[in-house]
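Paired with chain B in one complex and with chain C in the other, chain A is shared by the two complexes that follow.
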Partner chain A sequence: MSTHAVGGHAATARSASGTRRSGDGRDRLFRRSVTGVVIALALLWLVPIAWALDTSFKAEPDTIKIPVNWAISHFTLSAYSTDFSASDIARWYINSAIVGVIVTVLTVFAASMAGYALSRQSFLGKRVLYVVILAGIMIPPQALMVPLFREFQAVHAINTYWALILPQVPAPIAVFIFKKFFDGQPIELDQAARIDGASWWTCYRRIALPLARPAVAAVSIFTFVWTWNNFLWPFLAATNQTMMTIPVGLGTVIPGTGITNALQMASAVLGALPLVMVFLLGQRQIVEGVAGTGLK
Partner chain B sequence: MTSAALPSRTLPASRPRPGRLRSGELAGLGFLAPFLVFYALFLILPLALAAIMSLFNTSLVIPGLGRFVGLSNYGELFGDTFFWQAMWHTVLFTIVSTPVLVVLPMFLAIAIYRVRRGQWFFRLTFFMPYILPSAVISLIWTWMYEPGYGLIDGTFHFLGLGAPGWLSSPHLVLYSIVIVTIWWTIGFSFVLFLAGLQDIPQNLYEAAELDGASWWTQTRRITIPMLGRTITLVAVLQVIASLKVFDQVYLITQGGGGPNYSARTAIEYIYDQGFTSQRVGYASAASLVLFVVIMAISFAWLAVVRRQEKGV
Partner chain C sequence: MAEMSLKGLCKRFDDGTLAVDDLSLEIGDGELMILVGPSGCGKTTALRMIAGLEEISEGELWIDGEMVNYLPPKSRDMAMVFQNYALYPHMTVRQNMSFGLEQAKIDKAEISRKVDEAAGILDLTEHLDRRPGQLSGGQRQRVAMGRAIVRDPKAFLMDEPLSNLDAKLRTQMRTELARIQNQLGTTTVYVTHDQIEAMTLGDRVAVMRGGVLQQVASPRDLYERPSNLFVAGFMGSPAINLFRARVERETLSSPLGEIPLDRRLRDALGQAGHAETVVVGLRPEHLMDAAITEPPHEGAVAFSHDVGVLEAMGAEYYAYFDLPDQPGMDVADTAHDPDADPAGQRQGKQLIARLPIDSEVREHKPIELWFDPGRLHVFHPESGERLSDVASEPHGR
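This part shows the complex of A and B:
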């Protein structure tokens, strides 16, 4: 919705103002200067990323020149290769991918079934359960890290994939998104199938879920990005370097590698890369997901 | 409503026997079960555990609850200057960052909404940092602030502006991190405002055009008032997110909470108590206090939204 519609609206707004006769000079000057400020801010916003890239391609001595400068006297990718050979970053990539994919699959599975039940089926206590799940949207998981750690400590599961994956699955907001989506689907298809004797599972699996592909895509991409980026819980649950995810490794191990500026920026770039790719693939879902937050 | 419609409409055909009804009930709960299991184990149980452990002197390194201490954890907490200091940093962080994170993205969204060519460039530029992990952001900005060699500090040196000690001055470090946070998260509010702008009816502008209203007047009289709901939403989401701030502060100060704990936030205080001092019971009490504050703000906001919707 958002990306195309924004462009479309902008165009109508433009053509509307274009037909205007009173090309008021002061107004135009004002608008020009606003555009100028926005362009300046956009360039400013790019500077940290450009600086990180610039540093990552430098040889280490180049990064500590005074006065500070952008010049790369000797372009090299050695920081990147050192990163892979000297740190566990390859392992962290694998961990992040495993955790991200499994959390996403489980979240979509559990949340879409729950959303389907709340939308289509009638059962005792449905209303209460719905309110309880909705209230969960507001629970700040960060405030529950200590007891959650205690739970996993009690079953000796710290530094396991179980600990990294399971607590990230319950996302009440995903249930809400699926329920809303199923509410908007025509009920007749399910009814017809039910009359023909199809089970609820068949209705959900063969009819409702395939029709809910946009919701599945949005929830998947969002969950994946959120899980991939999550820092606090994986930081607590993985103290062993081989169990760390990308953010935990980059946040806690890489800064301790001494004065290796190029290496640190190469790590930052490597940490950013998968997200940039996911973003370019799923831009619409991500932007719409954010835009839908709380707007309902 | 759909759920109510389904049984009544399907009743004659699909439910010849009353036994059918009970299987339907079971199916509903069965579909909810997987989610409810996760929900109970990893959101409700920790909450209950926090409430229980806050009444005990539970330790990280000793199994079990420890000794029952009544409300003494809470008593100690309310007299603990370090706890209040951390709460204050969190509030200060919220007070400083929220206005910027409401006004600046609103300005950007309004300005960019009308740009015809290259709009994608602006959207990408302002939104991209938001999807990067906190660890990447922290690496980049620690290097930006690096004394002497980082781009920001180095440029200050070069211009003869001295070294303000971005991350080493207790007066400055929290503000340096606010700057990072603004850069990182502006895209979130920016996208919410772009969505809000789409909901403003175009004919309002057309009418204003005919009356010869300038762009600035239109913005002030139409756009900003019509964005009221989005402004509330963005402000509340920013406040809630700021109360939970941890990642970038912890990472940029390298776990130390800044010089003299000058940037330690509430979550970091809970982390320090629970994991560094290993006082799980005490940390649980602090968690619950923070939890109640955040939930109270969320519910207050929900009440406001409900009333706004009824008013319309």
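This part shows the complex of A and C:
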């Protein structure tokens, strides 16, 4: 009787540990599969970047050799020196930085205030206004280029910072992000501040905005990156070399004929370099910001 | 300090819900007025209207002789303590407490002095440089209080300020709160759903139900002379026993036996018109164990019943008795609200007695009990309104 019982317990224990082992095996397989997929996706993204970097250090004739070869037979910085010598690249960097920073500051300021008002205030036409703003997300920016160009041309603002900055400030998606973020903040904080004697402006500036740091970080990063990389509008709004931003200016360095692979890749690297540096410096805040707002 | 006068306040939300219906209330200078009632009774909405956080749909709100319906919250000079404290998480305790004073453009040295003084009263001096996230629940609650008292406002508005604390801390903070309010003598409107908080803290208690004020009275009056079945059921823990009794010629025929009609009961029944039944209420502490206490006079009604469930509470027993089903005699048919029964008793179907711990009561054994008919509360069978007055000097007391 007792032997039987012991055997029974042992069998149960074995079966439990067997289940655990098979569960562990499934977990391990799942983890490995996920890692494999992540590595494959990372390669898909990284290979073109590595290829651009690799090509930018080659002489032009080496870039079209068949079979395609990663090895650099003659390391040269000639593509970079062409970019620097044949252009006003320092000026373009400054222009991009000015436009990027001002657009980012204005976007965060305007969108957060709009988001706060939509989240906390009640006013006539609020719903309609919100729907109109949301509809703005659906309109492709390209559709607005010609009317915008006409508008700025009419006020003689082409080739000015105003033309480069103002059309890039209204960002419906940023208003949406801020509104959603403020919706998630306890309304009692604002109410406590209002009873404490604060105006709406003080509630926004001293309570709501400091608590919306993740949203501010995410919107700032994405606005800056988008503005830095934006090509079409600056291409239309800045025809004068001295007003060009990096993506537009570097495009003018590349001649229309001949082999220009190395030059094109060097230009791409130079254009992306400041963003990579910004990312490396603010990696933690960027990741937190993206995680905090669910943006990607 | 301030006097408040609520004159027929109504709050109708956009969806048509009438959250507060014709609320009229006079709150005296330095008084601690409690608004109590079950969830959704409109007590918080009423408080928010006083604070200026909700627009007043109808009626008038007067503070110190000034009609303030259209004044924004910041101009009403009130301080509010929220249920979740609403402390600014990115600010230190000192910054939290200073915020209101900064808005009033008070001199920095004066702000610092006031904050230090309030922190001293609330035992927060050591925590002034910490943020709310680094504090315990009780400390956060004290910071919320500190933020209110540092401003020295006309009135404090408190929206269930203790409900996020555990039971022990809640009792401790309740005493603390009463002490501070007493010390400062500031007019206070305090919202709670906890009738024990209401009974222990309030100078007067306003009981609300479905947006309508049911009764305003001192805690003792509310307990001893509830104006209707709802108030009777809501105030008191365990809840009052309610059962129907049939009106006979010389007696009330109840599940507890024949209750002789004295003058008081006859007067009460006179107000009930030609009702065949009335609803009778009896507090659990007014059921006596005959083995310990002798009925002092002939008028007492004695009965014997089997004990159902018995709960030993340490200092006393809660003994539950099942009453026989009486078709057509269900208390739920009256205006009594089952939500207002905090003990979850099946009113009219179960009886509860609070007996001393030295009682010989045992589960599933019969026990002899008695009660003084002078302690009975009689309510109208349909409207649920009070018909009787409890005898000021009950027999044998």
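By definition in this document, the second predicted complex is superposed on the first by the 189 of 296 C-alpha atoms of A that agree within 3 Å, B and C clash if a C-alpha of one lies under 4 Å from a C-alpha of the other, contacts with A are read in each partner's own complex, and residues count from 1 in each chain.
Here is the rule we go by: a contact is a pair of C-beta atoms (placed from the backbone, for glycine too) under 8 Å apart; a residue touches a chain by one contact, two chains touch by 3 or more.
Just so it is clear, the structure is predicted and the values come from calculations on it, not from any experiment.
Judged by the touch definition given at the top, the superposed model places A:Val248 against chain B, while chain C stays out of reach. Of the two partner chains placed by superposition, only chain B is touched by A:Phe30; chain C is not. Ranked by how many residues of chain A each touches, chain B and chain C are led by B. Once the two complexes are laid over each other on the shared chain, residue contacts for A:Ile195 go to chain B and to chain C alike. Residue contacts after overlaying the shared chain place A:Leu211 against chain C, while chain B stays out of touching range. When both complexes are aligned on chain A by C-alpha atoms, chain A residues 191, 194-195, 199 touch chain B in the first and chain C in the second. Looking at the complex, you find that chain A touches chain C at residues 186, 188-189, 191-199, 202, 206-207, 210-211. On the side of chain C, the complex with chain A involves touching residues 51-53, 72-74, 76, 78-80, 82-84, 86, 88-90, 99-100, 103-104, 147, 151. The touching residues of chain B, counted against chain A in their complex, run 1-7, 9-10, 13-14, 24-29, 31-32, 34-36, 38-39, 41-43, 45-47, 49-50, 53, 58, 60, 63, 108, 111-116, 119-123, 125-136, 138-144, 146, 148-151, 153-155, 157-158, 183, 186-188, 191-192, 194-195, 197-198, 202, 205-206, 209, 212, 214-216, 233, 237, 240, 243-244, 246-247, 251, 254, 267, 270-271, 274-275, 280, 283-284, 287-288, 290-291, 294-295, 298-299, 302. Those residues of chain A that touch chain B in the complex are listed here as 2-3, 5-7, 9-14, 16-17, 20, 22, 24, 26-27, 30-31, 34-35, 37-38, 41-42, 45-49, 51-52, 55, 63-68, 106, 109-111, 113-114, 116-124, 126, 129, 133, 136, 138-151, 153-154, 166-167, 169-170, 172, 175, 182-183, 187, 190-191, 194-195, 199-200, 204, 225, 228-229, 231-232, 236, 246-251, 254-255, 261, 264-265, 267-268, 271-272, 275-276, 278-279, 286-287, 290-295.
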